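Read from first to last, the chains carry the letters A, B, C, D and E; within each, the first residue is number 1.
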Amino acid sequence: MAAHPILDYLWIIPLLPLLGSAVNGLLGSKWANKIVNWVAIGSTGLSFLCALEAVREFFDGGQVLFRKEFFTWIAAGNFRAGFDLQMDQLTVVMVLVVTGVGWLIHIYAAGYMAHEGGYYRFFSYLNLFMFFMLILVLAANYVLLFVGWEGVGLSSYLLIGFYFLRKSASDAGKKAFIVNRIGDFGFMLGMFLLFRTFGTLDFAQLFAKAGPWPAEAMGQLGTFTIACLLLFMGACGKSAQLPLYVWLPDAMEGPTPVSALIHAATMVTAGVYVVARSHILFTHAPTAMLVVAIVGCATAFFAATIGLVQADIKRVLAYSTVSQLGYMFLACGVGAFSAGIFHLMTHAFFKALLFLAAGSVIHAMGGEQDMNKMGGLGRKIPWTFGTMLTATMAIAGIPLFAGFFSKDAILFAAFQSENGGRLLYAFGLLTALLTSFYMFRLIFLTFHGQQRFDEHKVHVHESPWSMLGPLVVLAALSFVGGWFALPAFFEGPDYFANFLAPIFAGHEPAEAGAATATHSLELILAGVAVGAALIGLGVAYWLYSKKPKKADELAKSMKPAYTTLLNKYYVDEAYAAAVVRPLLWISTNVLWKTTDVAGIDGAVNGIATGTTAIGDGVRHTQSGNTRSYAVWVVVGAIVILAVIFFWPSPGKPALEMVR
Amino acid sequence: MLSGGHLLSVLIFFPAVGALALLLLRDDDHKYIRILALIVSVVEFLFSLLLLRDVPTAVPGYHLEELAKWINDPPINYHLGVDGISMFLVLLTTFLTPISILASWQSIGRRVKEFFVMLLMLEVGVVGVFLSLDLFLFFLFWEVMLIPMALLIGIWGHERRVYAAVKFVLYTMAGSILMLVGIIWLYNATGTFDLPAIQQRLASGGLVLVPGTEMVLFLAFFLAFAIKVPLFPLHTWLPDAHVEAPTAGSVMLAGVLLKMGTYGMIRFCLPLFPQASHRAAGWVAALAIIGIIYGALVAMVQPNLKKLVAYSSVSHLGFVVLGIFAFQNISMQGAVYQMLAHGISTGALFLLVGMLHDRRHTFEISEYGGLATPMPKLAAFFLFVALSSLGLPMLNGFVGEYLILLGTYQRHWGWASWAALGVILSACYLLWSYQRVFFGDIRHEENRTVPDASAREKGILVTMAVVTLWMGIGSIFITRRTDVAAQTVIDQVDPRRPYEAAAPNGTAPRAGTVPASRVKLITAERLGTR
Amino acid sequence: MVPTNYYIILSAILFGLGVFAFIFKRNIITIFMSIELMLNAVNLAFVAFSQALGKLDGQVFVLFVIVVAAAEAAVGLGIIILIARNRQSLNVERVDLLKL
Amino acid sequence: MTPQLAVFFVLAALAVAGAISLILQKHPIHSALSLIVVMVALAGLYLLLGAEFVAAVQIIVYGGAIMVLFVFVIMLLNAGVEEHTSISKMAGGPGLLLVVALGGFIAATIARSSESVQAAEQTGTLSSTRGISSMIFKDFVYPFELTSFLILVAILGATVLAQREKS
Amino acid sequence: MFPRTIDLYRVLPELVWGSFGTLAMLLQPFVRNRNFFTVLAFVGALGGTGASCFAFRNAGPGFYGLVQSDPFSYFFHLLVGTVALLVVLAAGPYLDRERLPFAEFYALLLFATAGMGVLASAQELLTAFIGLEMSSISSYILAGYHRDALKSSESSLKYFLLGSFATAFFLYGIALIYGSTGTTMLDKMVSADPSSTLLKLGLAMILIGLGFKVAAAPFQVWTPDVYEGAPTPVTAFFSAGPKAAAFALLLRIFATVPAATHFWFWAFWLLAVLTMFAGNLGALVQTNLKRLLAYSSIAHAGYVLVAFAAVTSMAQVDSANAAPAYAAVLFYLLSYALVKLGAFTIVSQMGGAGEKHLSLDDYAGLSQRQPVVAAMLSIYLLSLLGLPVTAGFFGKFYIFKAAVNSHLLWLAVLMAVNSIIGAYYYLRVIVVMYMREPSTEAATAAPVGFPLTVNVVLAVTAIGTIFFGVMPNAVLNFILQPNLLGH
């Protein structure tokens, strides 16, 4: 079909970054950074363009699900997993976000990493990540999705451990991969169960089969519930939800662009994507939905609290990411999938921006990440400051900024949902307050007040345009990004929701209700949210800009709570003490040293030595003394005679005994 | 009966001819010895490629059969044949032999001639095992293979080589002698050593074994195979053998010899003793699962790199056994695929470990660290292989593991769930050891100057890497050929197929009825009682 | 008249005594004599049986046995002389170089 | 108690006594002499059984040749009183017990078993040297010829073993 | 009256061997040339072996049924004849080295061979006894043939004393059997009443006597000492020839006489187990290769006895199916004889002057000093171990088969266990040869010379071992025939 040149060759979109990665990885070591840049940025840019074209063709084709099988990858018995890609509204959003933001971040990285070693390595990894991420979002069946799923895990492992000379870095990378693996364990089992039940893992067929099934009752642990919970386990690993969130903060060991791309904008949202993708299954399993909502809400709050006291600028952002992801899951959990995806998109914009800006700050400070050693940067690096402020307002939910709309939609949906909605809402709101607090705390600490660093040591400087450009673009996006939903406030159509409607249609009670009846309520809730945001802002201002002393006094006054938060609730320590060390100890002492060496091998060698000992005994019957030998002959004679004359019932019966 | 020339005989005996030719060379012109050995093995590999052409893809039964009278009483025939499963195992063997010859190009300095002769004789034995359709012939090759391997370990091995070699032989013989008794007993029951004949009589119901007898026979065979695999409690010869063996030895051992055990299970245990296999399945699966987790955990804490890889083999082969005894087409093909994948990736791991040893003459992980700086290429290859071994999608390890677990899940969701833990653990031990070897700062000065991969090494590794990648993406090429064979075995082991009902177009969700809380309660013991 | 059994039992007793002597004596020559004693016991049995069966071949066997005994004696005494020459002792218990 | 029986018992007692004294004698020469006693007694028994030829051979070859050979060797090696060592633990108590058990068992089994042969009365009339000779040279000519080889072996052995070193 | 010529034909091998022995003996004073006797003995052995074909061509009972010329005897004539042939070739260098007279040695060898021939064909117990004595007495002398070596004379003495001790039992057995059955002809005992006490006692005595000759535990005690002490070529001869002959007689008696087949299986079962364990366990800890091989020959006697147990138990179920079991015994003896000959020949060469280098350490690194020799010895050891493509493997395989055929599973399993134990010490030798470095003085010492004759022996045995390992048909078809034992 010439009509859809790109759609028919959809594989071009992921392939381009792969090529870039391969070329850079194999040849880049000899090349100058410039060429590497061209390859990397060029390939991603091209794939972005292709994505745009594909989207155009998609609209052109009347927004009907496009699906194509390219080749069969695994086939055995009645199982088939193909290299099948598909394009629908959900995919459109994801693809555009991934390629677009990814491309911007590539450009940024070109400037940021300019003076780092292993330049080609970095970009090769980065492109590899793009490839896998695109596979993940374009896949038309769970197995291929799993390929991308594991692949992004791999590339995040590589990128986190990019500075492999630092033990902390390689540790973080390893941790990320293994924790993800724990999630994948559940994900695989989920796939197996789905295949066992429906005999296929292809989205189209699977959902077609699953659709007509009756939904399970709340509290019933049916196929759907188990499958969804298992899938969600994978999502938890990938999207850093409780209890598997521990890897994400450590992941900040990676270069900042990586944090921006992988650990803010794209990869970590894969979990949300999967849940949204399998919404048909989830809507059959209210129990699972509730679990998702609760976990999301809890994570959001929990991470936010930790974020309050962190001093490392990137760690603050990391915990904020975890918290925002919690929001997205909350949305999905209460059935507001489109809201979740919406927040996913806006979050991709402003969180990427935040990270990049933070990177620019760090860049300006010559690698310093501790906010207590910053301050008063506002005047020195205005661009960075401006863009970062925009992003902060977006995430804090200041009206008309992107974050405002998405967060508002989520909170509203939560408020609407039947079971435990109010509670979820309350925590969501509290989290919103905390969010705006710690974000503005970051702003004030970094850009206001007097400088807390030695002017002569670090000479602060604005970043080059290669870095500022993406900042500006993203800033614009995080401002206007939310206006899809703007009309909804004036009883107009919610473009974004309507766009995704073909997918989530009929599965979003909250949204359905939202349209008319409780419109006023929505406005009220929005107001409340804004209020919360402003309160957070105010407190932050009062504590960190008005009278800076107060913060420390506060910290001192509630020492235990403060230290607990500072040490992230000691979760890592708890895991180490409860899981890692016991496992190692058991493996070493019980399994290896005791069972293997002492037990089994000991028995084997014991048999050998025992036999030898017996042999030595036998040997000593050879006394060399003829008289003894004669006695042996006599013994033999007696034995034979005894057998012949005294053996119990010789002949047949005796034979039966041996048979 | 006889069709398609004598390709199989050629495949078996060509290396032997090559070995004889080697014997004619002078002891000291190592160059020509190496080259000749390489040529022989490569030609052998090319011959084996003909199998792909000559073996029809979707036709059940054995192909290219060769049948010749050998001994009149008892009637023992020289009966060869190949099917989808054995074909690829033969290919694996003939592929790994030149690789290991290349790998020992320089590391083998003394008694070079004997070394390559032994390697080729080993190939003879292994290929013979995979191709023989006569129980007696099978046993014969099975035993023939022992001595070259033992000598490879014992002469060119490391410090405790003698202990390892003797342990290897005695362990294996202990199993195989009982198998001989079993074979003879089976002969008494059937009056023939011919595998297809027995299978036909079993299929036609012309032969029915008493349950007790069948179980004893099954155990007689199974023990020999389980030792070879090795299955959990019988595995302790493996670490020693691997650690002490020279690189080539380890490659062949891990790559091919272990597969003989699993192959034997597929080819003999299941088809010949279906009922017994079913009765034993639970216990076997339990052992396999224990092996998977146990092997992984023990591997995780090994201070010795090579031992770590050895224990990882225990874990991986556990998957294979589990897949076989799930009696599912999917898992069976997965098992076959895992055999091949494990052969490639673990073989590559041993090659890499061997290369490290060539440079630093130690396997102790603590001796290394920060190697990524001096040798980035080797580090890259190592990571690649490690990833394939921990089952990263698009690499060969994933396909096998995934199919096994998927198929097993159809048979019994508990088994699959426990086994899947191995997926997590494999990531743990591989990445951890990789980090300790290649990442961080250099702690030992001598590591600062170690050379990166040489051209020869790069050649080997690239070959392995390409195969790994190809197997990860083009798995269909292999599964298309193993499908029928696997299905045949499934039919033989259980004509009625009680477990097949579970799979397609879900009527009633089976696992749905199982409360999720029990997922945690299921223990290996409970599995055993099923 | 004498029942054959008496002869056979007598030969058994003599045979047993021969065995006893073989183990009890230390002097090689005497031990060898005890072997001759055993052979004699056997001869007695042969003759007695041949009489009881009314067949002559038993007596023929006896002659053969005697010849064999003579041959054995010749060789045996040769060996004994050899031993006595090699290690100035006729005590069988001193001849235990080969052991274990 | 017929005279034959009386004679039998006398001779049997003599034979057993000789055997026992063979065991008890310390000096080999005495043992040899007691062995001769046994042989003579047996010869007597052969006569009692009516096998004159065998009896004669017994006296001539055994008593005459073989025993003389023994005595000759004893003299040649002028073997003294046998030293009484008991290095062999086996041959101590356990060995002797076992031997007694064995001999006792054999004798007892024979005594208990009642077969036609054993029941047969010894008439002492079957005796014809001609018959024996014809048997040797007809039925048993082959073993007879073989014995000649045996003798050769014996001679050979004696020469090989006992000949002095030709330096 | 002179025997019929046909009778002479049927015992021709014995006559040839014996007369050549006599010839050697007579010519000894006149001929100085040592090699002459080698040739003479060689011709004699060869002639006798050839004559056995002649004897077989006109098979049948000879000398009023005293002897029987049938496939069975033919097989054993060929076997012992070949053994004698090879020992003649192997012994020459040894005798040269030790400065020992040739003529008497060969004469004794030939006489012993003749005796074994008699054993193999004897159909009557007393004839068998004479044959046994011929072989035994010559063996006593041969064991002590190295006069001034203390060990040699000691082994001779022990062999002599214990041997004649056992012979007395054997003879007593004959007497009792004669008493109970009224005959000593095996074929006339068919009608004998199995339950007769005297018969049982007699058979037991015969079993004791022959058990001693074949070194069945607990009669095996003499074997290690005698084998170690005797000159190594003689040891080779012992382990191959007399043992086979004694087994032949044992088989003839206990497989053909119904009275002997019944109720006897347990005795063999027990003997087999005891013998296997005694031999293998004893060998496990040996450090002297000669002695180790001696122990191993005990173990192998045990394996053969397993086949005997199979024979006896099968014979009383249905004697028709016993044929494979006979075949197992015969084939095993063949393979075993070849291997042991070869192994001991190598030992005798490696032993050096005065047989000083017998310990395993002297073989360290042999594969580097003398690769061919090491390879040969490995072949023999692997055959003893029972690894495929060697005759030993088939031998073991048939015994297993016979045992399983007769449902003697436990015996089969015990045998399996024993082969594992055996594997250990055979491997130890291979390990020493291939995986240990030679001791310094051994490395510097000149390689031990292997004269032509010895090489011939090695070649024949090695090739035979491999050949019968790959192509056993040739022999099997012959020994599997139903009328193996003439009737």
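The rule is short, and it goes like this: contacts are C-beta pairs under 8 Å (C-beta built on N, C-alpha and C of every residue); 3 or more make two chains touch, one makes a residue touch a chain.
It should be emphasised that the depicted structure is a prediction, and the values quoted were computed from it without experimental measurement.
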Topological distance between chain A and chain E, in contact steps: 1
Label of the chain whose CA centroid is most distant from the centroid of chain A: D
Gap in Å, rounded to a whole number, between the CA centres of chain B and chain A: 35
Centre-of-Cα separation between chain C and chain A, whole angstrom: 97
Chain centre separation in whole Å, for chain E relative to chain C (CA means): 26
Distance between chain centroids, defined by C-alpha means - chain B, chain C (Å): 66
For chain E, residues that touch 2 or more chains besides their own: 126, 130, 133, 137, 140-141, 144, 147-148, 156-158, 161, 165, 179, 182, 201, 224-225, 409, 424
Chain B residues counted as touching two or more neighbouring chains: 170
Set of chain C residues in contact with two or more other chains: 8, 15, 18-19, 22-23, 26, 31-32, 48-49, 52-53, 57, 64, 68, 71-72, 75, 78-80, 82, 92-93, 95-99
Chain pairs that touch, as defined at the top of this document: A-B, A-C, A-D, A-E, B-E, C-D, C-E, D-E
Chain A-touching residues of chain C, taken from the complex the two chains share: 19, 22-23, 26, 31, 92-93, 95-100
Contact footprint of chain B on chain A as seen in their complex: 71-79, 143, 146-147, 150-151, 154, 157, 161, 164-165, 167, 170-171, 174, 177-178, 181-182, 184-185, 188-189, 191-193, 195-199, 209, 221-226, 229, 583-584, 586-588, 591-592, 595-596, 600-601, 604, 608
Touch list for chain A against partner chain D, complex: 623, 625, 627-628, 630-632, 634-635, 637-638, 641, 645
For the chain E and chain A complex, residues of the former touching the latter: 157-158, 161-162, 165-166, 169, 200-201, 203-205, 207-208, 211-212, 216-219, 221-222, 224-225, 262-267, 269-271, 277-278, 280-286, 313, 316-317, 407-411, 421, 424
Touching residues (chain side chain A, partner chain C) in the complex: 619-620, 622-627, 630-631, 634
